[in-house]
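What follows is subunit A paired twice: with subunit B in the first complex and subunit C in the second.
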Partner chain A sequence: MTISPWVGRALLASALLVYPHLATDFWIVSVGAYAMVLGIIALSLTFLTAYGGMISMAQMATAGAAGYALAIFSAHSASAGMALLPWPWAVAAAIAVGTLTGILIGIVAVRSQGIYMLMSTLAIAMIMFYLAQQNTTILHGFDGFSGVAVPRVGGVSLREPLPFYFLCLTSAALLYALVIYLVRVPFGLVIQGIRDDPLRMASLGYRVWLHQVMAFAVAGFIAAVGGVLSLWYHGGISPGSIGITATVNVLIVAVIGGLGHPRGAFIGALVFVLLQNFAVDLVGSNRYNTLIGFVFLVIVMASPDGLTGLWRRLRGMRKGSLDGGVVTQKL
Partner chain B sequence: MLSRKLRCLALVAGITAGFSISVSAQSTNIRIGGLATLDGPFVALGQEAFRAMEMAFEEANYTAGGRKIDWIKESSDGRPDVALTKARKLIEQDKVDILIGPMSGGEGLAIKEYAKTAPTKTFVNGFSAAQETTLVSPAANFFRFGADGAQWQAGLGNYVYDTKGYRNVAVVAGDYSFGYTQVLGFMSEFCAKGGKVIEKIWVPNGTKDFSSAIARIPNKADAVYIMMGGADSINFLTQYDQSGAKQPLILGSNVSDQTVLSAKGPFQRRLVGLPSAHMVADGIEDAVYKDYVAKYKKRFPDGLSSPSAPFYGYYVATKAVLAGLNQVAGDLSGDQAKFRAALSKLRLDMPAGQVSLDENRQAIANIYVTEVARAPDGSLYNKVVKVIPNVNQTLGQPREAFVARGVPSRDNPSCP
Partner chain C sequence: MKLLLLASLNGITLAALYFIVASGFTLIFGMMRVVNLAHGSLYLIGAYLGHDVAALSGSFPLALAGGALGAALVGMAIHYFLLDRYQGDDLRQALVTIGLSIIAADLLLARYGGLSYQFELPEMFYGSMPMPIVGGYPIFRIVLIGLAIAVYLALWLLVQRTRFGIMIRAGVDDRHMLGAIGVNVPLISTLVFGLGAALVGFAGVVGSSALSIAPGEDARYLLSSLVVVIVGGMGSLPGAAIGALLIGLAEQIGLAYFPTYSIILSFVIMVAVLAWRPYGLLGRPA
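On to the complex of A and B.
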């Protein structure tokens, strides 16, 4: 007897919808909503990696570009309550800036592959970090932006726990659906073809680099949405938000969740956020980073393709096939 | 498939319920959260902060106003967004009544904004010292029992103008809010006297190579005012010494810190006699202060040679909270209104002098102008040359005029 996977999905959806009505504000926003924000940014990386075979370290910087753009256009503590643009325009502009940043990074990054692409995107991320830190006229240097106003819709601030949770949930669900849709249409199939054999795709007449740049554009769009939500979540942005730690955190989230499937981004983000919040309670304030590192190590050692891979592997074992869960991952 | 998913969901629900229960089953203890930096560049300061809270709580035997105190610690890494996440966790998940922290300027600004969204809780600043935190649109439930970065420099401008005879000074300082704040504190006196700050060189945090900054120091400067964070200032001092520059230095509060003075290097010989100012000084010759140092050394044999400024900041903050709780007999009802009223009126006798609050809940406190001196055992310390009593946030100027000049920035103030 098999039960349609739709039943499981419906159960998951209803759990996500019911959850905020049962949990406290902390669990709704600081765990639930924040895991989805982080998951969206990690999703942009997982999309590039799982289907494009490309690893970009610049996804946090891309999200940061959108966040900075939105902060500049919004009212913040240094602007005396004045916003440059009405918020829908500001959000549109921020997402456009993020997508454009993704395209520009892509144009540079797709000239290299594998570890070299990782290094070049890391370099770009660091350039953006130092730009943010040293530009005092527009980006406010080390201090960045604080007290950024979050829009109100119909008298309700989008930053209230329930509206913010559902905003994040809707965005995450739509972006996840976008990724699942994209990889089934010709564009996504070409991307996957390029991942597996760029030479063959080129000889079939596809412009390899153009498709790869377009993949970066999609990733840039996804990261930009994450950047907008992240700005609203934190109420501000500073160079530290796009620094090396934040950059690496996105990679960690994606890796512990599993780079093989977009759902890994959200599973990884949830585990990461829970660890960040509760490691201190488990081992005390002096050693909590050790515990976080240890858990990551165990996950990666037990399952090189992350928690989603572990799931698949366990299922495969139960069915008695040894390679049931192994995903071939080409980087 | 279905049963597995169901089990998974049940697990999640169970965990959530478990946490909600553990929270709702609160005791009648007062819950106090501590937020400091046990990660990132300010680790040493964060350790001092938690030592300070521990010492203050132990002195009170973990009780205040007849109620036991539960102390919950959280660590940030100095970044505003991390501090915010941790503060949220302390308030929303750990349900603390009072939060003591954070450590650094940017974090302080973020926590102040957050305090406005949690009006039923009380926030007491740890060591963050950005001026805007309490000067511009303060939060009604955010208290700072330590002086801000501009106050820390009170007396220094007058001292170097009158006693040292400097007229033209160049500034090399960290390019962030705390740097601007300290430079403003120094310049407001120095410029009022008629001194000129002929060049301001802003260096990004974390700068390793200061050669271009040193090369830009004009020859006609009588002295150079410097203000950078811990490791940066050691790098600067080393390179300044190697460059053969002759001009004497004026030290911002962080540069005269014990973490810099006790660092080894040839630059050390240039430090003796250099003026600085802070809200506390290791050379205070006072029985109460010496007793405080002795207690620190006895309690923390593995700590520093003397309690640091962040230790003092968190110690005063914790003492203030305990004193406020004692006054209201631990009564936090009515959204803590009584407790906050008591805090606002506190007059605390602390090791480095009396502390009281102004109408923005910002400390009025003594400031110590110091000169680096060599102790008989060869170590360097800050010898007190002048005490400026009861320095307020507007440095003695009328509030409207002071606020109207705007928040400190690269170009504010200016007297070239």
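On to the complex of A and C.
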């Protein structure tokens, strides 16, 4: 029996809409909303990898740049309740900063390919972390920003469980739709052409590096939205938010879900958040990172295209087709 | 003038340490195209094991040997059991080493806690050597520079003048042909991985004697290795030396003159090199 994909989508949408009315605040915010925030940041990586054939370790740093920008423009515990900009402007500025960061990182990163790009973007991400840590004048060094004010709309704080959940859900849905739309228009087709054969695209007259930098701009925009939501979720930002652990976590989320399709980012994020919250019951509160590292290792070794790939292959096996839908990433 | 000279001396000391760490990284990449993102973890493993050996035996040379040997064994096990099967799939190998680095960092934290450790050095290394202008400079740091030069020469001799080195160079150029003429390439690869890991384990003991060991140092030395080989060129030993010198000097001089932005100097060097020579100063396309 096969279900039409639209039935599945309608079911998923209604489940996501009904869920917060049935669940407790913990499940709405710490699981639901947080998984979507993390999923949005991972989506920016999955977009680059699935369609651009590029791997960027600097997506958390990009989100962090937007988060830091928003924190600077907003009222926080060290600003005596004063905000530099009204919140819509602050958010717009933060997203602009994040997108610009994505573009700048892209300009450097597209000088190298494949594993070299992973290395150079990882180096950039870690340099941004050390910069945030050592810069006391603007970025407040080790402490970062705390007590960042979350905007109120019509007297309701956006950080209340239900508004925050729906804010995250709307953002995630719109960004997901943006990715699906972009990969079908000429820009996205060019990006995928470059992924498959950069030389041929160049001889067809496309400027390869420009399109790759534009893909980084899109990824920067997506990550920036995630950075804004992440700042509101945590109520602050510090160098640890963009440290090596946070940087690698984005990769873990994307790889667990599967780098081959944008939906992998959200599936990975949900699994990751559930592990994070319930690892205490499995391995005690202290050895959480060992567990997550182990899960990651098993996924990488058993199913390089993550849970979505595993699902596709299982389904392929049941149908008895030989091409079990294994996505081989050309990186 | 005194500040500049002192910063330069510190920069060269740091470069010596960075070079020993990065030489292992670049050696492994040169032979197997493996980007070992658990390199920083091997540094920490070497440092902690060295500390344990020193605490048990009270001997610094034994600590050096213990750190290097321990890291080498761990490195060879990683290569043999986890990486060799994915030969040619460089992304998968990099992801496996990332997973390992997370687990290693967490287990080391469980075993050694979050405090920082320091070594008791032999008496002869304490004190400082008289020098013009700056007054004096710690002897151990000068020993460190000597060690880096010794490592460079030894690696150069090994790669250029021994049978093992000939096999390594042949493997870099064409590993299938090397296998076809009857050389056990997986064994050579595992040994090279062990050698690279031994170098970084050794650097861990030396580095934590000059500075200290604490969680988080793994990320720091991974970053330094990445930047050094991006600047110098992946797989090139002289490149690693030049890269280490540039980055070590940039870091210390930056720290002396503009402490809240010093890391940007390393970044600028990396970006400039990538813009001018995408494969690094002495690197060549894969």
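One rule holds for everything that comes next: the second predicted complex is superposed on the first by the 325 of 331 C-alpha atoms of A that agree within 3 Å, B and C clash if a C-alpha of one lies under 4 Å from a C-alpha of the other, contacts with A are read in each partner's own complex, and residues count from 1 in each chain.
Rule of thumb we're sticking to: a contact is a pair of C-beta atoms (placed from the backbone, for glycine too) under 8 Å apart; a residue touches a chain by one contact, two chains touch by 3 or more.
Given the structure is predicted, the values throughout are model-derived calculations rather than measurements.
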After the superposition on A, what does A:289 contact: first (subunit B), second (subunit C), both or neither? both
Go through the superposed model and pick first if A:88 touches only subunit B, second if only subunit C, both, or neither. neither
Contacts for A:136 in the overlay, against subunit B (first) and subunit C (second): which applies, first, second, both or neither? both
Regarding the shared-chain residue A:23, is it in contact with subunit B (first), subunit C (second), both, or neither? first
Of all the subunit A residues, which ones make contact with subunit B and with subunit C? 134, 136, 141, 243, 245, 286, 288-289
What part of subunit A is in contact with subunit B in the complex they form? 2-3, 5, 7-8, 11-12, 15, 19, 22-27, 29-30, 34, 77, 133-134, 136, 141-144, 146-147, 234-238, 240-241, 243, 245, 276-277, 280, 284-286, 288-289
List the residues on subunit C that touch subunit A in their complex, please. 33, 35, 37, 82, 90-92, 94-96, 98-103, 105-107, 110, 219, 222-223, 226-227, 229-230, 234, 259-264, 266-267, 270-271, 274-275, 278
Taking the complex as given, what residues does subunit B use to touch subunit A? 1-2, 5-6, 9, 12-13, 16-17, 19-20, 23, 38-39, 50, 73-75, 77-82, 84-85, 88-89, 92-93, 106, 109-110, 113-114, 132, 137, 174-177, 202, 204-205, 410
Residues of subunit A defined as touching subunit C within the complex: 55, 108, 111-112, 114-116, 118-120, 122-124, 126-127, 130-131, 134-137, 141, 243-245, 248, 251, 255, 286-290, 292-294, 296-297, 300-301, 304, 329, 331
